[in-house]
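What follows is chain A paired twice: with chain B in the first complex and chain C in the second.
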Partner chain A sequence: MVASPSHLRRSHSIAPLLFLLPALVFLAVFVVWPIVSSIQLSFYNWNGITATRSFAGMENWKTLLADEIFWRALRNNIVIVIFSIAIQMPVAMGLAVLLHRGGRALKLFKVVYYFPMLMSTVAIGVLFKALYDQQFGAINPLMIRMGLPSFAQDWLGDSRLALFSVIVVICWQFIPFYMILFLARLMSIPVELREAASMDGASGGQYFWRVELPQMRGILATAMTLSLIGSLKYFDLIWVMTEGGPSHATELMATYMYKQAFSSFRMGYGSTIATAMFAIVMVAAMTVTAVAQWRRAEAG
Partner chain B sequence: MKSRAALLPIAAIWLLIAGLPYYFMVQSGFKSQFELLTAPFWALPKKWTLDNYRTVLAGSFVHSLFNSLVVVSISVLLILTCASMAAYAFARMSFRLNRTLFTVVLAGLVIPVHVTLIPVYLLTTRLGIYDTLWALIGPYVAFNLPISIFILTEFMREIPRELEEAATMDGAGPLDIFWHVILPLSRPGLATVGIYNAVALWNEFVFAYVLTSSPARRTLPLAIWDYQGQYAANIPLIMSVLSLSALPLIFIYVVAQERVTSGMMAGAIKG
Partner chain C sequence: MLFQISRRFVIIMLLTTLGIAGCSSSSNGGSGRKSISLWHHQTAGAGPGLIQQAVDRFKVRHPEIDVEVVAINNDAYKTKIKVAMGAGNAPCIFPTWGGGTLREYVKANQIADLTPYMTHDNYKDRFLDAAFTQITFDGKIYGVPIENTSLAVIFYNKAIFQKFNITPPQTYDELLKVIHTLKQNGIAPFALANKPKWPGSMFFMYLVDRLGGPETFAKAAAHEGGTFEDPVFVEAGRRVQDLVRAGAFQDGFNGLDYDPGGTRALLYSGKAAMELMGTWESSTIKGENPDFYNNNLGFFPFPAIKEGKGDPKDIVGTVGDNFYAIASTCKTPDEAFALLQYMIDDTSVELRGKAGRVPPVKGFQPDSPVLQQILQLVQQAPNVQLWYDQYLPPSVAEVHKDTSQALFALSMTPEEAAKTLEVAARNNKE
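And now, the complex of A and B:
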């Protein structure tokens, strides 16, 4: 056999195509074509029911740029991104270190910590909606019992509190995920480093800041990227808990798009919001990737 | 180490934060509606009742469970088939568009499902499969292919090339190699991808919400949604629905803790 220049076997046959075909068909029909179609629909006015759709040119896009609710939704998405990262990362890191240091003693704790990940987002939304309820919820009685009556609030009904209340639930749901992610990375750091550090008289805190944290940089960046992209796409939990209300206080790009398309039957404008959302997520993802590559290049 | 004892209070606080909602959910499910409203919310039921569970199990819940099982099984099977074939091509074959196509597939990792929602809904109605379980399978497979292909490609790249070369010497074609060499050696990767997708699809909401409407076609997350719409005031009943719906995943987690953890993390580690 002649050694091929590449380490891969060069196939001149149609074999690669045949192996790729099933996946490509699914992706073409249910991902690529719908994206193209959404972009196209964003230039039309259509209720989704009648046979005719009317070409609207840039009208929907002009509406979008002047639509205060859309900007509010985008702002809410960004608030969720910021708070998700600012709360989840440190807490998840702290818990991961805790479980790592605690070792076997905390094994049972770890099982309970993992619980929130085992519930569907819908179930979590329904559960917390019940807990937050002003009349029948369990959080307000708890606050009163703990001597904090001013913390008995209409958590989801008050437009000043609703977004905050929802962010708390998002953190509750996702902290375990990042915790396990960080824990796995911590466990892969060689034990020798720890032994060497303690022989040099390093305290637990010093060891974390000087040895563990620098090792976690990569996984931390991954976690933040996941949190960023995930937060921009957020829908299920908010839809279940507030449907974007009260008076758009928790409106997100995704909930607003859903309402326009499937409640108001403005398929054209719904597509415009969806396309804008798509563009924003892609730009965010590409920026993060570019920054990561640039930093890798900097590091040599 | 002295710090270990100091960690315990923090550990206990998070134990409460993570555990209390679960505690409320499980114990409320065993209360009567009257007791929930008259006795303290956080107290255990004075009289444990199974009435809520009876009501739920007599309703459409079991049917939804079955729907979820069907949709998830078919989808995961299709994902594993398509993704392993594609991953084999990406990991083991050299063709002109290999890198380009792989990058395009990776871009699929970040695409929000919402940008496809309207066209997929329109396509589904036009095909006459709106409000059937079939409507869900296409989007379910397509949206989970990128991550699955990614994980399996990484996995197959690690398989020693010598085995494949030996098979080629014996005159095996690509299909033989895929079937007899690559697939059997990819079993751990397939298990990880299978669990990851099964969990994700078991909990999927948006597509099921948009593409189905009648109770007989609802999957589990949608059954929960319907219950809370129908029985909004009956918190014990809703809590029993939530407890029941959490059971399958908790059961699988207890049986195969490490696999589930690595399966659920799979998307993140390299992504």
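And now, the complex of A and C:
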């Protein structure tokens, strides 16, 4: 470092700020301002098209607390959180370990397994809607051919099945993402650990549970947090596949918010749902982060 | 050399960001040319061509005006227009179904009053009188009826009816027998695409109308001397569920989308025998599968319910579907209205007739028997009930569609559905 101290100090104070400015402006206009304004809107009655809106006090919030559909949507969100984490994490981990151990031989699969992540969500939604279709889809004939006619179901039209049909697609879409995340971490574990473990006579399984998994604790916590937040504010795939139907069986907070704000012309109430959603996601994310930190402090 | 940042580089960075911000605001700047934006959702069959030919002829006479035509799928259009309205970016000309949603826009001063244009030279006398009921509020006209006369009727596959020796049923009991016969022969009696919810609602609307007559709904909707908890609505819900239990619809109906044409594919392939749908579908079928249209397509009105109070000649549908409105933000309303006149001038009327539609103008003489039958139905009808999801205020309409779908899914009892709708209607009124 040959720069003079004064030069260093000056660029330190102005340049970073200047570089951050575009991003900060962008964040302020497209993130902070909408959040503040939807919190404000949640206290108003507004249909979204008139020039005027009337102050409603806590009315929207009272409606929300008594709104069965909102609670049902929240419950669906929680179901998606649970299944996403319970299915995606182990499968992604398994694939990552497999690809890592397989080395060059499985290189092709590294690319192939990543394909779902490269597709746009809308395309995935349309694709699976076609596959699931009761009349023209590919899944039901396949089930019947395989001698499992009781597995030929109305996957998206049956209120009892729809949510799980969608969860399968969500997993299909996101497992590759976590797989790559885990794989990257696995590859960064020093070779020395592997050599030391094999010298001590550790089996493949022991090496995974005793060496690799503890090393992955940090990335696992990150992945779970991402999955949690993503599942709580999930929207696009559900919207394309079911629009929250049939009769709210796959309704999520985000789809319900969209319908209230844009189909029912209740922008005020839609904002109330959005604000509640924001608060729920915030609390959940902070809790998970706090727990992770506390455990790290505990361990370290 | 991490901290040695060239000052020139910083300046370029800043200018670039400013430049981006600058661009976006200048792109809307006027170039001096007048322009009209036109949205429509005539995406199937002859639809896009019908719009385009009028636009092309308009452009020949008005070369100084740019016309930007945007076609959007039906169900996507409904949300897109709402967002555009709220953001103050509405197109000059856009389609509407009239009724509650249009009224909401009118109340928000988003729609241009077309009364002066319509009364000029008595232009409005060109149209059927019934075409104005859904676009007239407080004596002012807010739309131009253009596309079609759409009535909900039961389409059927003639070949299948012939094969099983079925004649179009006159009464509801006969319809139930037809359903039974078809079901026994492994054919889905009705094709139904109920993911978007409004197709199933047609059964509910007809049952209500046949059981209680049009007043039952009108009173409940207006909250004057009636409620949605009226026994008629409960009974209609019960009958919907009876149909579902009797297997009147193909499997998976609540997950099937309408726009991609899944139900028509069921009809074409003979997997389903009937479909309760708006008569716009006959025009779509004509464009999509002329062979089926000419040889196999028939339709009959929703049958009578003997014990009901409604007149079996009553129709659910809309005369003038779709109407086109002009946004109050449109800078060129005169030109926009002139363009609309091209869309329903004699040439357009003739082309619409050829495309299998019944444009809502007086003296229209269709040459196809299908269209003649539609025209006859609407002329005989003592009352044409507009679709509930268009008639009701938007928030109530959404609840109606939800409860209707829940009835079909058997996830709500008829009583619960009636109560939910009534609560929504009452909340809206407050």
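Here, the second predicted complex is superposed on the first by the 278 of 300 C-alpha atoms of A that agree within 3 Å, B and C clash if a C-alpha of one lies under 4 Å from a C-alpha of the other, contacts with A are read in each partner's own complex, and residues count from 1 in each chain.
Simple rule for what comes next: a residue touches a chain if its C-beta (ideal position, glycine included) is under 8 Å from a C-beta of that chain, and two chains touch if they have at least 3 such contacts.
The structure presented is a predicted model; accordingly, all values stated were derived computationally and were not measured.
**Student:** Contact-wise, after the overlay, does A:A51 reach chain B, chain C, both or neither (first, second, both, neither)?
**Tutor:** second
**Student:** Mind working out whether A:K259 is in touch with chain B, chain C, both or neither, as first, second, both or neither?
**Tutor:** It touches chain C, and chain B stays clear.
**Student:** Report the partner of chain A that touches more of its residues: chain B or chain C.
**Tutor:** B
**Student:** Taking the superposition on A as described, I'd like to know which of chain B and chain C A:H248 touches: first, second, both or neither.
**Tutor:** second
**Student:** If you stack the two complexes on chain A, which partner ends up touching A:K129: first (chain B), second (chain C), both, or neither?
**Tutor:** both
**Student:** Mind working out whether A:L20 is in touch with chain B, chain C, both or neither, as first, second, both or neither?
**Tutor:** A:L20 contacts chain B only, not chain C.
**Student:** Which of the two partners, first being chain B and second being chain C, lies in contact with A:L95: first, second, both, or neither?
**Tutor:** first
**Student:** Check the residue A:V240 against both partner chains and state whether it touches chain B (first), chain C (second), both, or neither.
**Tutor:** First partner only, chain B.
**Student:** Please work out whether A:S159 is in contact with chain B alone, chain C alone, both, or neither, and reply first, second, both or neither.
**Tutor:** The second partner, chain C, only.
**Student:** Mind working out whether A:M267 is in touch with chain B, chain C, both or neither, as first, second, both or neither?
**Tutor:** A:M267: touches chain B and chain C.
**Student:** Looking at chain A, which of its residues have contacts with both chain B and chain C?
**Tutor:** In chain A, positions 7-8, 11, 15, 19, 22, 48, 129, 136, 262, 267 sit in both the chain B and chain C interfaces.
**Student:** Please output the residues of chain A touching chain B within their complex, sorted ascending.
**Tutor:** Result: residues 4, 6-11, 13, 15-17, 19-20, 22-24, 26-27, 29-31, 33-35, 37-38, 41, 48, 94-95, 98, 101-102, 105-106, 109, 111-123, 126-131, 136-138, 141-142, 172, 176-177, 180-181, 184, 204, 222-223, 226, 229, 232-233, 235-236, 239-240, 253-254, 257-258, 261-262, 267, 270-271, 274-275, 277-278, 281-282, 285 of chain A touch chain B.
**Student:** In their shared complex, at which residues does chain C touch chain A?
**Tutor:** Interface residues on chain C, with respect to chain A: 1, 3-5, 10, 13-14, 17, 78-79, 82-83, 85-86, 104-105, 107-110, 194-197, 250-257, 262, 265-266, 271, 393-395, 397-398, 402, 405-406, 408-409, 411-412.
**Student:** If you look only at chain A, which of its residues touch chain C in the complex?
**Tutor:** Interface residues on the chain A side: 3, 7-8, 11-12, 15, 18-19, 21-22, 25, 47-51, 129, 132-136, 154-159, 162, 242-243, 245-249, 259, 262-267.
**Student:** Considering only the defined contacts, which chain B positions touch chain A in the complex?
**Tutor:** Against chain A, the touching part of chain B is residues 1, 3-4, 7, 10-11, 14-15, 17-19, 21-22, 24-25, 36-37, 40-42, 78, 81-83, 85-86, 88-90, 92-95, 98, 101, 105, 107-108, 110-123, 138-139, 141-143, 145-146, 149, 161, 164, 168, 173-174, 178, 202-203, 205-206, 210, 220-222, 224-225, 228, 233, 235, 238-239, 242, 245-246, 249-250, 253, 257, 261, 264-265, 268-269, 271.
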